[in-house]
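These notes concern the structure reproduced below.
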Amino acid sequence: MLVVLKQGATQAEIDAVCDKVRDLGYTPHPMPGSMRVAIGITGNQGSLDPAQFGHFPQVAEAVPISKPWKLVSREVKTEDTTIELRGPRGDVARIGGGSFVVMAGPCAVEGREQLFASADAVARAGARVLRGGAFKPRTSPYSFQGLKEEGLALLSEARERTGLPVVTEIVDPRDLEAIERSADMLQVGARNMQNFALLEAVGSSRKPVLLKRGMSAKVDELLMAAEYICKNGNYNVVLCERGIRTFETLTRNTLDLGSIPVIQQMTHLPIIVDPSHGTGHRAAVPALARAAVAMGADGLMVEVHPNPVEALSDGPQSLTPASFQKLMVSLEAIADVVGTRL
Amino acid sequence: MLVVLKQGATQAEIDAVCDKVRDLGYTPHPMPGSMRVAIGITGNQGSLDPAQFGHFPQVAEAVPISKPWKLVSREVKTEDTTIELRGPRGDVARIGGGSFVVMAGPCAVEGREQLFASADAVARAGARVLRGGAFKPRTSPYSFQGLKEEGLALLSEARERTGLPVVTEIVDPRDLEAIERSADMLQVGARNMQNFALLEAVGSSRKPVLLKRGMSAKVDELLMAAEYICKNGNYNVVLCERGIRTFETLTRNTLDLGSIPVIQQMTHLPIIVDPSHGTGHRAAVPALARAAVAMGADGLMVEVHPNPVEALSDGPQSLTPASFQKLMVSLEAIADVVGTRL
Amino acid sequence: MLVVLKQGATQAEIDAVCDKVRDLGYTPHPMPGSMRVAIGITGNQGSLDPAQFGHFPQVAEAVPISKPWKLVSREVKTEDTTIELRGPRGDVARIGGGSFVVMAGPCAVEGREQLFASADAVARAGARVLRGGAFKPRTSPYSFQGLKEEGLALLSEARERTGLPVVTEIVDPRDLEAIERSADMLQVGARNMQNFALLEAVGSSRKPVLLKRGMSAKVDELLMAAEYICKNGNYNVVLCERGIRTFETLTRNTLDLGSIPVIQQMTHLPIIVDPSHGTGHRAAVPALARAAVAMGADGLMVEVHPNPVEALSDGPQSLTPASFQKLMVSLEAIADVVGTRL
Amino acid sequence: MLVVLKQGATQAEIDAVCDKVRDLGYTPHPMPGSMRVAIGITGNQGSLDPAQFGHFPQVAEAVPISKPWKLVSREVKTEDTTIELRGPRGDVARIGGGSFVVMAGPCAVEGREQLFASADAVARAGARVLRGGAFKPRTSPYSFQGLKEEGLALLSEARERTGLPVVTEIVDPRDLEAIERSADMLQVGARNMQNFALLEAVGSSRKPVLLKRGMSAKVDELLMAAEYICKNGNYNVVLCERGIRTFETLTRNTLDLGSIPVIQQMTHLPIIVDPSHGTGHRAAVPALARAAVAMGADGLMVEVHPNPVEALSDGPQSLTPASFQKLMVSLEAIADVVGTRL
């Protein structure tokens, strides 16, 4: 159910409707738009009677939401959601609403030298967000599992050093506080897209969330996972297409770029592309990155390692600093043509 | 690396080798067999020198393991693993090693009456383990999420009432202790098969674990997930084939029965079949259950609801008590022919 | 549209309705049942007016068919279709309607000695139909493409020698006459399931057709392919589940046994299982074959080679004569229990 | 096996080597490059002795080909293959080698008015090749199957009218001559990618072939299908990525753009993209088309219908003439930036 307020409703009027929603035993989710405010309602069983809200003079209309996902739907909010990440020096990375953000850095934080080399290179080349994994979910228990707390500390240092906001993965709800202290954005990885305990945890955080599509997740399941986060009150969710699992083994995953224009019609949330996991081949990453900007995605997440052949994880799909810099130049040229900005 | 002891090695000799392994900084995993004991070693980087163990007179041989999964491999243990669940009255359900176990009960615990009706029915029909979900991972945050702690309490009651050991799903490491108090076996669901924080948690438990294959998990990833659990010291893992996600939408999932004989060559762990999730159609469950016993799987997990049309989850794939009872009769007949026992 | 005649309608009355259908510009497809005859109608655009057939006193009812597939649907014919293949000595292999037929033989006819060794072995062990490929569709143009006409001649010899009817694959409409002369049943392979020119060709033949499911075919597409054949007047179609292509590479294909009970509700056509292609591993074939009989499939197609390691195609999935004979014994035991007969 | 001639080898010298290859019982496939000529050899069983060709003074080297596909491999020919289609007025559409070709037109030829409206529009907007189906492979035997010969005649008229060369689908080897008379390029559709009889037929034609990837074809199978055509002497093959079948049903297929950069490393053949079948949603076609040019594909095949809502096939994915024209403008802008030309 969505309650749409009249243009010019005051904060007091918005609050009054929210109080009414709470009185009825439900949860209000105010959704500010450029023209007017809407309030999503969750917690109801079955449909609500719109008449309940009709007495409020500031209510323009009360409408049911037809889709199983509610708060993330374009029905609830027609305008694009824009999310801002603020770095330590006040620089702002803007995601959604017409800009194109590049997040880059190493797959895993392996040590100070490796992280700083990658961070410096991506900052210099124009990336707006630094990525790097401290907690690494690995298929084998015998693979490098990340530097964990030590990795978080190094990310904090790199953040200060480069001025870039940081995104890093969370794999366990019990790590939430530690990660919130070091990172500006929480990443939920593909394998955890339906780890609902984790989704609820990041939904209770006030840090923006990068939600990667599960490797066998249908788009409606991705939206439902985002809905778990929004329902808990965290509306700053960025979706990430990183490839799905198919019969084709030539590439590590099958990057589902074709879903992106359709997803953009379904949800107001931004969606970015991870071409590194999407293909698994370093040489193919630039082509897919260019495709992403040309087609109107909201950004990229790219793995960059100072020395990919020695990387402890995902070396074969990591760009070198030099190839990343070259890529950024071509992305900017295409961005110009399609009317977006890096 | 695997250290195989000579036949007749004493417990003291086994302990001495384990101490040596620990001295070297690794973790020993003793694997008792009917003829002799082997000790798996984890924690090493790269290969170990077998000569390090050659001085121990009780060591027959020290061999490297060729597969990426170690402790779950037939290389480490050629004999089938048998796992026993003991009910409140001392009845034992045996999983693996030539028997065929049927686990049955409702998808979700919905209330006392519903649970007891299902539990009584499946006990009467010959099921050896009671299943029932208290914590339900659901695609939508607006679907019934389970009765949680109240559900656990009801499961404890049903356990006493029927004498059956209980298996129930865990979705959050923070729930481990509560679930251990109420259940005899911990279920890790398909969506959490690569929730490594959860795998490590159940690996630290002494309760047997039922590990369901992820809907996009390759068999080697399933074995790797089991390896996470064993590596933490819990060797009592039962695998469960419950269908994978494919292009075919006629059935809820595509039950991959064809992998089972191949999995049985790869691992000593038991593997059971969930025909309910495997097809999603009540009418197709009995045929698939019969196929499972005929082909030599180690058991079944079947959803049974006293009134499927009113079930809060998975109603369309739940059997009625009557059809379950009829199914059990036909399973017993086939079990007789193929030389196993229910 | 389906016109159902009253019980006891004479052949003259049936013919009269068929003539009426043709007068209207459509094609009649009489479907004899044990109780009464129905006549399927194709060739109409949009729905027909049932009143057109109401004047015929022998017409019980005229009903539209709701599914996109018509002639193969249970709506048109509720009883199982039974298809008979008659060998050179009058022995009849019955497919569908409660029996369980085993078709066996080499993947490809490689020569007289190899074919006869396989044919003798499968006949001795109780197979009712001999399979063998003369025209082989191969992924690589450099692989053995079959003995072609020479292979057909050898199949004719093996047919006489063993008394078994023969099924062999057709890959080109231009080969139809030659294959009809040598074989009792025409096989359309998985890669050609939507080769509509070929479907129309075998639809114009009076030989029964074995239609294998394409490796990416949804069940409704399989039924539609069968409909192409029936629409051309050949109603003797046997479906064959042989595995679909999924992300899992442990097995050659993923055998979709779970669809079979659902398919059996949708169509009156028999459906058999090919466990050889379904798994690709010789050692897994017997388990899947036992599953097929236990679950109620209508038969099997199994590859048997006198010397699998030297086979020119599909050696790794071919049974030896000895293992095939052993398999037949266990199939018979399960068939007894589930109430079917080999 | 590949025999590479020295730079400057004369035609007589090339012929001499080809004769030698034939004398040995094999088939020579001369592959002219800008620097020197290579001759692929097929028809051998096992490896050849390079020494057999060493006596020819003009032979620089004789090297085995490591891949299972030979003639289509970059090992045999490092330079891009460029294929030219010449229209009735001498205009040339160039495919491969740095240009970007747009093929457009209706899915099916439905009549003169419809075809001409579409043809005129795409010609005006800058398409270089006219597409249109006369023989339509349809899942249902009851769907519109194309105008067949009448459709070919209309395509010939549209070809004269617009000056554009024509590509149309062939579904039956017996139609080859008729289609060769009306079309400049033969299309093999996704469902027929492994219809080997058809591949051999178009391989014996001298018309270029557009080979669409099967919906469950792995890339190596696509290359093998192309190899069937080249082996028969027709080296003018253009590959087409049109989407594969996956679990995702939001889009009609999953367009596998991520494979394209990898395919381009494997083969010298051009590869184009079909965004219409790739997504199935009209609104998503332009984004995917822009992605294709940005990433370096060799062209596009796009469905354009004067009145998509009334189209007899594929209406939902067909662009209107107006949206196609708009698309062409944006493609040209991106082509400029990435250094290709429409």
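Chains here go by letter, A, B, C and D, matching the order in which they are written, and residues are numbered from 1 within each.
The definition used in the following text is that contacts are C-beta pairs under 8 Å (C-beta built on N, C-alpha and C of every residue); 3 or more make two chains touch, one makes a residue touch a chain.
Note that this is a predicted model, so its numbers are computed, not measured.
K.L.:
Give the chain pair, either B-C or A-B, that is connected by more C-beta contacts.
P.N.:
If we tally the C-beta pairs in contact for A-B and B-C, the bigger total goes to B-C.
K.L.:
Please indicate which chain is farthest from chain B, where distance is taken between mean Cα coordinates of the chains.
P.N.:
Centroid comparison gives D as the farthest chain from chain B.
K.L.:
Please compute the C-alpha centroid of chain A, do the same for chain C, then give the distance between them in whole Å.
P.N.:
Their C-alpha centroids are separated by 50 Å.
K.L.:
Taking each chain's centre as the mean position of its Cα atoms, how many Å separate chain A from chain B?
P.N.:
Their C-alpha centroids are separated by 35 Å.
K.L.:
Distance from the CA centroid of chain B to that of chain C, rounded to the nearest Å?
P.N.:
Those two chain centres are 38 Å apart.
K.L.:
Name the residues of chain B that each touch 2 or more other chains.
P.N.:
Touching at least two other chains: 216, 245-247, 249.
K.L.:
Spell out the part of chain C that touches chain B in their complex, as residue ranges.
P.N.:
Going through chain C, the ones touching chain B are 216, 218-220, 243-244, 246-251, 253-262, 265, 275, 278-279, 281, 283-284, 287-288, 290-296, 330, 333-334, 336-338.
K.L.:
Where on chain B is chain A touching in the complex?
P.N.:
The contact residues of chain B facing chain A are 42, 68-70, 137-142, 171-174, 191-192, 194-198, 214-216, 221, 224, 227-228, 231, 245.
K.L.:
Which residues of chain D touch chain B in the complex?
P.N.:
On the chain D side, the touching residues are 245-247, 249.
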